[in-house]
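For clarity, chains are labelled A, B, C, D, E and F in written order, and residue numbers in each chain start from 1.
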Amino acid sequence: MQSGVQPPIGAVRAAVARALDEDLTPLGDITSALLPPGVVGDADFVVRTAGVLAGVSCATEAFAQVDSTVVIDWAATDGDDVDAKQVIGHVSGPLASILTSERTALNFLGHLSGIATFTHELVVATGGRARIWDTRKTTPGLRTLEKAAVRAGGGANHRGNLSDWILLKDNHLTVLGIEEAVRLARTRWPARTVHVECDSLDQVEEALRAGADALLLDNMTPDEVRSAVALANDTDERRPLLEVSGGITRETVRAYAQTGADCISVGAVTNSAPVLDIGLDIEVS
Amino acid sequence: MQSGVQPPIGAVRAAVARALDEDLTPLGDITSALLPPGVVGDADFVVRTAGVLAGVSCATEAFAQVDSTVVIDWAATDGDDVDAKQVIGHVSGPLASILTSERTALNFLGHLSGIATFTHELVVATGGRARIWDTRKTTPGLRTLEKAAVRAGGGANHRGNLSDWILLKDNHLTVLGIEEAVRLARTRWPARTVHVECDSLDQVEEALRAGADALLLDNMTPDEVRSAVALANDTDERRPLLEVSGGITRETVRAYAQTGADCISVGAVTNSAPVLDIGLDIEVS
Amino acid sequence: MQSGVQPPIGAVRAAVARALDEDLTPLGDITSALLPPGVVGDADFVVRTAGVLAGVSCATEAFAQVDSTVVIDWAATDGDDVDAKQVIGHVSGPLASILTSERTALNFLGHLSGIATFTHELVVATGGRARIWDTRKTTPGLRTLEKAAVRAGGGANHRGNLSDWILLKDNHLTVLGIEEAVRLARTRWPARTVHVECDSLDQVEEALRAGADALLLDNMTPDEVRSAVALANDTDERRPLLEVSGGITRETVRAYAQTGADCISVGAVTNSAPVLDIGLDIEVS
Amino acid sequence: MQSGVQPPIGAVRAAVARALDEDLTPLGDITSALLPPGVVGDADFVVRTAGVLAGVSCATEAFAQVDSTVVIDWAATDGDDVDAKQVIGHVSGPLASILTSERTALNFLGHLSGIATFTHELVVATGGRARIWDTRKTTPGLRTLEKAAVRAGGGANHRGNLSDWILLKDNHLTVLGIEEAVRLARTRWPARTVHVECDSLDQVEEALRAGADALLLDNMTPDEVRSAVALANDTDERRPLLEVSGGITRETVRAYAQTGADCISVGAVTNSAPVLDIGLDIEVS
Amino acid sequence: MQSGVQPPIGAVRAAVARALDEDLTPLGDITSALLPPGVVGDADFVVRTAGVLAGVSCATEAFAQVDSTVVIDWAATDGDDVDAKQVIGHVSGPLASILTSERTALNFLGHLSGIATFTHELVVATGGRARIWDTRKTTPGLRTLEKAAVRAGGGANHRGNLSDWILLKDNHLTVLGIEEAVRLARTRWPARTVHVECDSLDQVEEALRAGADALLLDNMTPDEVRSAVALANDTDERRPLLEVSGGITRETVRAYAQTGADCISVGAVTNSAPVLDIGLDIEVS
Amino acid sequence: MQSGVQPPIGAVRAAVARALDEDLTPLGDITSALLPPGVVGDADFVVRTAGVLAGVSCATEAFAQVDSTVVIDWAATDGDDVDAKQVIGHVSGPLASILTSERTALNFLGHLSGIATFTHELVVATGGRARIWDTRKTTPGLRTLEKAAVRAGGGANHRGNLSDWILLKDNHLTVLGIEEAVRLARTRWPARTVHVECDSLDQVEEALRAGADALLLDNMTPDEVRSAVALANDTDERRPLLEVSGGITRETVRAYAQTGADCISVGAVTNSAPVLDIGLDIEVS
């Protein structure tokens, strides 16, 4: 595991409380309430399909919020490669508490590990020649957790939100023009990254002249990207970071990784990753 | 559109406020803040890939919470089939407000329409012979909205949460046995659906004798399901609703739909649906 | 105590935090702040009038949120019959913390035990011939806790909320008719209880024909209920659960319990139960 | 209506949002969702039993939060005497919205009007010779609304919470003594009411000498109260306000009102008031 | 330290959670995430400028919410005089956790100690002849904590909020007149402090006749205050508490303290106190 | 007014709701409740001391949340220079609503305008030769609003929070070294600003070699800063932004502005700005 992948614990606490509330209001787990008191259980978190793990702190928190006597031991953590059938953690405690928390814990684990896994597949596909970047196309309410999952998968985080840095898109540029927009951004927001969307090589040249910190090469072919890279490498200014984006998939990512661009951003890692199948095999003691 | 697909507006308000807060804290949209005041814009919501729409009330709310002077007119609503390139709505107002709300609105629309679309594909695949049912495998914090999106896609909602009805799973049954579990459930929770997971035909027979309202036929082959259906049709008691579940996919759903089972539950519709690609084409006035 | 009566702990935490905030904002307990530091106390929770206990987890939480060094030992728990003068728990710790938490703890205990006690009186009055059912006539913001208190009193929980099951009332039926309403409900919401309000024996017959899961016999005399029971017992379909409701009181509940109806719902158990008088006898050490 | 009885609107908004969330999560009103779109209705709020109205702003807010197109006209307001069969308000709008909001609106109206009505009965019983005072024995989470309902019923509000003023109870006095406690309170909390609990006439004399602003005469007989009143009327200091408390009921309140005491506090008005029966008679257009 | 200065812990928890959320959303402390796991640190809270300490419970809570393994030992507490270079507390634990919490802890400590320090300067300036009183001019969202800081500085708390007691200001008096306003206040709000703003000696006489509990002598010169004091000392009624207010500063406070007035209220202690400079000197182990 | 100074409206709504709740719980404005219904008023926001305005949207929101019938017209807005005695806005509506909202509105206006004013003084003192930058030394819970107020005063916003960009401080550098720290930051967080604290000219040289985007020159004299500027101007890499910080005051800011540094960060603008005195002159109609 690389360090720094865990999400802030305050975000974990709030998200888990919200999820448990969804699942338990208004009457609680009315099925497990049928169990006689005192029945305890043991359970293994078992991976069904290989992938990359994320969401461990959420799963821990789900059990802790339901019943602080439940004990969890993890054998793997966020960012680890996990194999099918691998036991990644063990839970023991009152059976009713385990059953009540199970789905919430698994929903977090599955969703976030799904994101880590998809990210990692793209990372592998790049052959180390470019970074995989996420986007602001996250699931509403889960951005903090999803961006941590991207890091767990070996990806990097693009802007966290609209207040992070300046990203001048086509509509901003229509109003302001690239040169004026970059100048304004530098003046109003000193030291912040100024990032410019370029839909053509002309715009690339203009953005290079304006001294942008990063260029977003949108919807270009690999060859167009290569031309943009050449222009950027030639600049007298500091070579900006080059991002490519626009419908890039598992199939096309390698081609873009070989262009010399630095980052490939893929909205799908957060908004279209299928869940990683992880289950909880419970045994009644 | 069928009626009753809209989620409760209180859930919409809270989810949108949370999403905007994620995107705008702490400094707001620092790029759009560069625009001169008074610039207005017009924009079309345009579908990029055909599918089923959901999340319209969330998108409306996103613009309303950012700037109440933005005007939206929708040409389609939740549950509608939408085609690639179809304009489904129009927005006009201050350009900065449109740009600030855009991603939040699209994240809801894309995520929820993705669920509606995936659901609808499965619904179509059943040929009308069985209902597609969602599960509790929802994205944490978004269950209310996602279950509404399933309805928009023509699916039906299984349990809303653990407090909705009794679903006796393998671990409950290990402790209590089917007969005693059903008896206890009827006593403690009068009038609530009592649903029993069955992993074998023996359990199906036992659950039928116990008078369960619904049977969850878990991880059975279509032929096993057919045998279970035959047993259920033969019962002297009221024939219970028959649900099949367990890794059912776009490919296998039709085979299950032809078994005579009533409902096919698929966790993937809420936890693995790719986003439906919807964009906002903005024009500066 | 029967199992399953405790409310979800997340609901307890939130309700207690809200109540303490009501009592301590903005300056805290300004009287207890006059006490010198280091004064400790011991206190007994003492029942003033016999009844049934509920709300123990709320009282525990109230002390814990104010001062985690306060120690509580309970000698009784939710669902227990308690007698006048019975000591049901003991608290020890800093006197100021005990005094600061006292009223909040007692407000929960008294309110919820009042509900459990009233429920239990009705349960006893039925002589075991029918179940006492609560309603959605709960105190705003406390439904989860109040429904748990009803269970503690030996009652059962009707719908938790409007999303739990289908209850077709007179206005719905005016628009749709019983047969069509039941059919629609079955189609749209598979496996959910379909419950039909009947104000006359004609409606009872119609609802039986429609195959409703439960009938709400509203504002009928015991004799009318008996006729409805006879009709239901005669049905070729599965005999639905029969609920009677409408202004039933301590005085009239027995007569209805002898009709053969299954459940008697009484809004008063949650919206008109007087508090159970429980006090905290504190001794300064 | 006297002025000043309405609760702060912020408290109303939050309490109503919480109550609607309780009733509509996670799937909304699944019964009303069966209605065809476009059906509208008209409804009258009708009082079933005479009493005093409270909670009108909550009922208004419940409809507004569900559907801003619903129109409400009130013919009565908080603090008004209302008779059985009196129509106190009219609602019109989409039938589904009316049905969805109905129970929440009625729960507030019934609960708060119940408090106003009970308060008013006690006020009438005093014959105007003493004020009826509420206590901190309120329903957790609803203190602001319940204290407003007490005002609507003609009662007055005692301390709003532990931070409002100094109320030295037996345990505080055991540690500090009356004289020292009053002195400390005056020093630490200038200008705040200093209120002393007295369980005996000796304590009354001591509290009078200490210059307390108010005395709480706890669990005294009317004759003992009369003696305390005589002592207080005789003081050279400003005569403090005299409160009587301790299990005072509808039956005994008049006797206490005739003692010369100023305020009679009754916890039951907020924690044991039965609901006032108010219904919504709906007609489908 | 005097007792009773700590704010309610619930308010501390909520304010700290909000502050951490401000500082860590959406990606956490991305700089400290670069540190290798396992690096631990030790740190001293060191006062840079002498003053009075406040906010210790907030600082403790900030570390606890980020990482429960961080250990803090305090050598001083709220209300203590602290000197430049004094070490007031020690923190040890994972370096990344210390760095992540540092600014939030210091922001609370600095802001609240700034208020305590400013308050204390004014308290000292009065020479013990009058109390320093705060106002409702607090920083939005922090009233509970700021009022506790005023107590830590030796000041006293005026009204906590608009619901605490009656303060009749010029506009209220324009409508009602002093006599009628005091009468109404006494009737509607028994036992509550009735406080009257007086802008002239005529109004002082009128308020004395009306029997107000406290007078706010607004914007008077010390000599005018002395005249008001003389009038009050002469009254046949109980001498009310006398407050002076209106732009009183470090320079003028002594003159007012010598007038015989009881309390001097200064909005600046909460809305204009500069931060007390406290730092955290961290050493990597 | 420059554009882009308004804070996100969602943050305004939440902060105002919190502030009103502080001031009105649990009983509301009990003084204004004494006024007869129907009394209306007119009021002018009047500046008492010249400065720069901020917080207008908060003041508007305070009145709107209390009473939507109150009408406000502003004659000035955030970022405007305002003079003593200048009328900056007018309010009219029910007198009680105006009085209830007054203090909350003024607390926001005064606090935020105080920040804008202090910022502006420093901006003027620089003579346009350097930007004034805020810090993370903000009042807990108000960062979004305070950073907007800094913009209103003509200052610029440094990092919004710990997740915005990389700022390597002494403790990070002790562990990692400058070169390695910058390298790691570039790898893990592509395109984000990498900012390095330098306490000596040796560190400046090292940071220049490492290619940092910005240098924080901490606690240097103006002459030391000048030497650092010279080194930076000489670099072959892109000249980084140069920030000076460390106890810079109104008195010393000009000297630093003349060194050639780009930004001067001053924690005091947000944590030690005295309030700008703005009042509300109310007239009863």
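Before moving on, here are some points about what is shown:
One rule holds for everything that comes next: a contact is a pair of C-beta atoms (placed from the backbone, for glycine too) under 8 Å apart; a residue touches a chain by one contact, two chains touch by 3 or more.
Owing to the predicted nature of the structure, the values given are computational and were not obtained by experimental measurement.
Taken together, chain D and chain E share the touching chains A, B, C, F. Over half of the residue-numbered contact pairs of D-E are shared by just one pair in C-E, A-B or B-C, which is B-C. Taking A-E and C-D together, the pair of chains sharing more C-beta contacts is C-D. With centres taken as mean Cα positions, chain F sits 43 Å from chain D. Centroids built from CA atoms put chain F at 32 Å from chain A. Counting partners per residue, chain D has 4, 22, 24-30, 32-36, 143-144, 157, 160-161, 163, 165, 188-189, 192 as the residues that reach two or more other chains. The touching residues of chain F, counted against chain C in their complex, run 22, 25-26.
Contacts from chain B toward chain A in the complex involve residues 15-16, 18-19, 22-36, 39, 41, 58, 95, 99-100, 103-104, 106-108, 110-111, 114, 136-144, 161-163, 165-169, 171-172, 174-176, 181, 184-185, 188-189, 192, 267-268, 271-275, 282, 284.
Residues of chain B touching chain F in their complex: 17, 20-21, 24-30, 33-37, 65-67.
Against chain E, the residues of chain A that register as touching in their complex are 3-11, 143-144, 147-148, 157, 160-161. Residues of chain B touching chain C in their complex: 4, 131, 133, 156-158, 160, 163-165, 188-193, 195, 213-214, 237-238, 241, 243, 262-263.
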